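Dropping the structure in here first, questions after.
Per-chain numbering from 1; labels A, B, C and D assigned in written order.
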Amino acid sequence: MELWFTEKHTEHVKFSIQVDKQLYSGQSEFQRIDIFDSPEFGKFLTLDGYMMLTEKDEFIYHEMIVHVPMAVHPLAKRVLVIGGGDGGAVRELTRYLGIERIDLVEIDRQVVDVCRKYLPQTAGRLDDPRVSIHYEDGLKFVRAEENVYDLIIVDSTDPFGPGEGLFTKEFYGNCFKALKEDGLMVNQQESPFYPVDAIAMQRAHKRIVDSFPVSRVYQAHIPTYPSGHWLFGFASKKYHPTEDFDASAWMKLGLKTRYYNPKIHIGAFALPNYVKTLLEEVEPGR
Amino acid sequence: MELWFTEKHTEHVKFSIQVDKQLYSGQSEFQRIDIFDSPEFGKFLTLDGYMMLTEKDEFIYHEMIVHVPMAVHPLAKRVLVIGGGDGGAVRELTRYLGIERIDLVEIDRQVVDVCRKYLPQTAGRLDDPRVSIHYEDGLKFVRAEENVYDLIIVDSTDPFGPGEGLFTKEFYGNCFKALKEDGLMVNQQESPFYPVDAIAMQRAHKRIVDSFPVSRVYQAHIPTYPSGHWLFGFASKKYHPTEDFDASAWMKLGLKTRYYNPKIHIGAFALPNYVKTLLEEVEPGR
Amino acid sequence: MELWFTEKHTEHVKFSIQVDKQLYSGQSEFQRIDIFDSPEFGKFLTLDGYMMLTEKDEFIYHEMIVHVPMAVHPLAKRVLVIGGGDGGAVRELTRYLGIERIDLVEIDRQVVDVCRKYLPQTAGRLDDPRVSIHYEDGLKFVRAEENVYDLIIVDSTDPFGPGEGLFTKEFYGNCFKALKEDGLMVNQQESPFYPVDAIAMQRAHKRIVDSFPVSRVYQAHIPTYPSGHWLFGFASKKYHPTEDFDASAWMKLGLKTRYYNPKIHIGAFALPNYVKTLLEEVEPGR
Amino acid sequence: MELWFTEKHTEHVKFSIQVDKQLYSGQSEFQRIDIFDSPEFGKFLTLDGYMMLTEKDEFIYHEMIVHVPMAVHPLAKRVLVIGGGDGGAVRELTRYLGIERIDLVEIDRQVVDVCRKYLPQTAGRLDDPRVSIHYEDGLKFVRAEENVYDLIIVDSTDPFGPGEGLFTKEFYGNCFKALKEDGLMVNQQESPFYPVDAIAMQRAHKRIVDSFPVSRVYQAHIPTYPSGHWLFGFASKKYHPTEDFDASAWMKLGLKTRYYNPKIHIGAFALPNYVKTLLEEVEPGR
């Protein structure tokens, strides 16, 4: 069966995955949601035709968006995840016994329902008793919170459509306010390679730099995202992502990971020169 | 014009680049050689339909295959490049004034001729007076050399077709013999992500581990190679890739790079757990 | 959503249809069955990844496989349809009030069930009281019949897989035997354009010529089949397809059609020279 | 080498041909011109990325656009071909010894030059002494002529870009004027199947009906054109396309053809009902 899902990484670059079956297709209030099964990547989720995650490589994204901040913050107890209705970030968070409460704010209930049914690999820990799911706009949710969270994870879609508000200056300012005095925020921050993505990445970085005293960017190899070179933002009120990172403390937790490890933690912040240049272009005063 | 070059990264994954024009197509004694022009990646070279390099991202590959070993070996004077008829590795090497002689061994003269004509960006330094080009089989060339080189760069194609011999145990053993007592060898070593590539990577690693006392693997983000997560082997008689790396000495050289920098050097050797596991599977005794 | 169904018309030619949703996918005892919905062609059915019919152009195939023989045979009362589990040929047949009984022999019950559910446009007349469905191998079914049918319609898949037996000499011989003394057989007979299809078409023609005194080929424009130029075989014990065709009798029936009409009937038997040559190559003695 | 030329037949349908090599690519004053070599269709010509002809199936188009009118007009001596810089229509015309002069009006000299070099199969008879090539706008050329031609063949590209003027009412009116009192005009008239093409086809038909007393449409199976079902317009001052067709006279000429023959001539005017309906929609008064 020659059935192929194609994502245009740019107008001139296509990435195509052979599909065995389409397991689900629905239109929610916010977006089109599809689940496919594929011989190479297992099941995968798309929103409005954009790849969100595959069973084969989601571990990279979710480990890197969770363990990097958790290995820096020694005592994170209360965590907010915005977006991330697939449950992958929550799954990694629930492995930390020290976390007391996880608020998951996902605007689209249908995403959660679909992932519970078709992607237990990511959604399987959404029933952990520490997790509260809020079907709300993340932008509004965070506006109402102050000095509450140790860690905010912005696990958004791309900066257009439903995810657009999660890339605004107002949003980052509200996240700052919602964090405790030693709180951290991490966010998925697009790719540096293709120009359209790089511009979105720069814009997000500029806004975060303007909002937080500490702001760094780190990277991972995620084969199913455009260019395979994906960035995350690390913003902090107090802790430095590598200087305040206690590798041995994290190792003592005994968490088994498939991508993340303490050396990767340091290496992820070692950016190529061309990426550093892109970041510096929007860092006034540095 | 909807004209697309497609590379199957696996049987079930296609990466497609829109082509504006095919600038050259020829059949040499060894392989089919094509040069295309594309809106996203500029000109690119394929051999037997496999992507070799694009103008847009070749800097990543060539910087990483050259500057990593050159920043470890303090006094490399004589360098052998096997494969690499595009001239990109030679270009980076010629920037080191301490290098006295570069032997480039490329089996296919037509590759060099075509790259000189269509890809001056990579081939432009092949006329440096320190460079000698040998149109020979690299496997045979290196068999005849002993205790000659400070550095051997194995800039091969994939481990089938003309490049196959450059992945054999005999070849690595001859490289060992051709190196001086503190010599280094680096090689392109495929990707860890897709199973077929990972198996080739493991096989190469096993053979290098058997041949050299020091053998490590490092990585880079190369968007146009399968999965975007590409590996290099670092094999050495004496020097350790990170412990014997003198960052400040390299910085004093004042070389301007777009990907490589001393932090990337360290970070490139920080491998994800799943890659470490693949490597350890073929490292008996470790 | 960039989701495309592709059929390779040859190794070097692809025909791709954008899919909105996959409505059904199942594996029967005989083959994989899929139903897709598409913006251009509406719903379409594939078996083992090969296009069978689309809502948009199935009328051409089904009108041409039914009305051509029905307009030649003045008093057809008993009709056998072999294959055709989608019900499209039956639908056209049921419009003739003179037909008393239609036997539909479809090897794969699941095809019928799926078409009833998803393709009422073709399957909607399968419940006509004159229709009897037999879930059997057409080859075996016809072996047991003698001097029974006025018309046999061989509405098979391609000559490999489950449909293979319906292209054998034995099968055509049994059809001859199962027909009354003035009976007709029509069959779908592939395309003359691409070499692989043309060879299959010639092979079928040769076998039919060997089995029936009258054997002609006619054509239609079916855009979703390879090359768009599709052939049907017309085999007969007595009637000639154009000389015994009574246009005014057919017009009096008052059937409304979208493709077929009496001029098309004649025109369909006017074959291009290159097709005539292909046919004559396998017509010994002519 | 996975290199594919794709033509979008509609927004939702793609037809893709594997390319071995791009033999030529150039930008003329009017359009982009490309010649490709392909394993399935041999060499093919595209203008602005649209398929014009392939070596494998151009015979169908060129035979049908030439022999149909030539078999109707008993004594055509002077012929005008507008467009058709590939030379295929001229090639067929030169086979008629009764033709005394052929004016080929092609706006783009570069098309002729490229076809002479790369497509001798079609362009090989452009040097016939009866042929005069005029590198002019066909719309302007025909404006200046009156009562000159026995036959005008409008071998245009699609009704947008350089070919747009050849689908206007003014143009058809001028063709009428340029024809002798028993003159004929044939034109390529798009496809009836896909809605966008069908609308262009209807518009052209309406304008021709308004300009000529006799106006009919005929069809051919051309696999590399959208849907494979292609139409031609037959417009005439006096002769009827089938009633004034003298099959035996044409047969006596002894021309060897691969698609056209007298039965095809009649059959080509037998249109499917849905096509007749499309035509009648724009034929006021009928």
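Here is the rule we go by: a contact is a pair of C-beta atoms (placed from the backbone, for glycine too) under 8 Å apart; a residue touches a chain by one contact, two chains touch by 3 or more.
Listed by chain with UniProt protein names: A, B, C, D = Polyamine aminopropyltransferase.
As the structure is a prediction and not an experimental result, all values here were calculated from the model.
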| item | value |
| --- | --- |
| CA centroid of subunit A to CA centroid of subunit B, Å | 33 |
| Mean-CA-position distance for subunit C and subunit B (Å) | 57 |
| For subunit B, residues that touch 2 or more chains besides their own | 4, 14 |
| Topology of the chain contact graph, where touching chains are joined (line, ring, star, complete, other) | ring |
| Touching pairs - complete list by chain label | A-B, A-C, B-D, C-D |
| Contacting residues of subunit D [partner subunit C, same complex] | 4, 10-18, 38-40, 57, 60, 193-194, 219, 221, 223, 227-229, 257-261, 263-264, 266-274, 276 |
| Residues on subunit A engaged by subunit C in the complex (per definition of touch) | 1-8, 14, 19, 21-22, 25, 32, 34, 46, 48-49 |
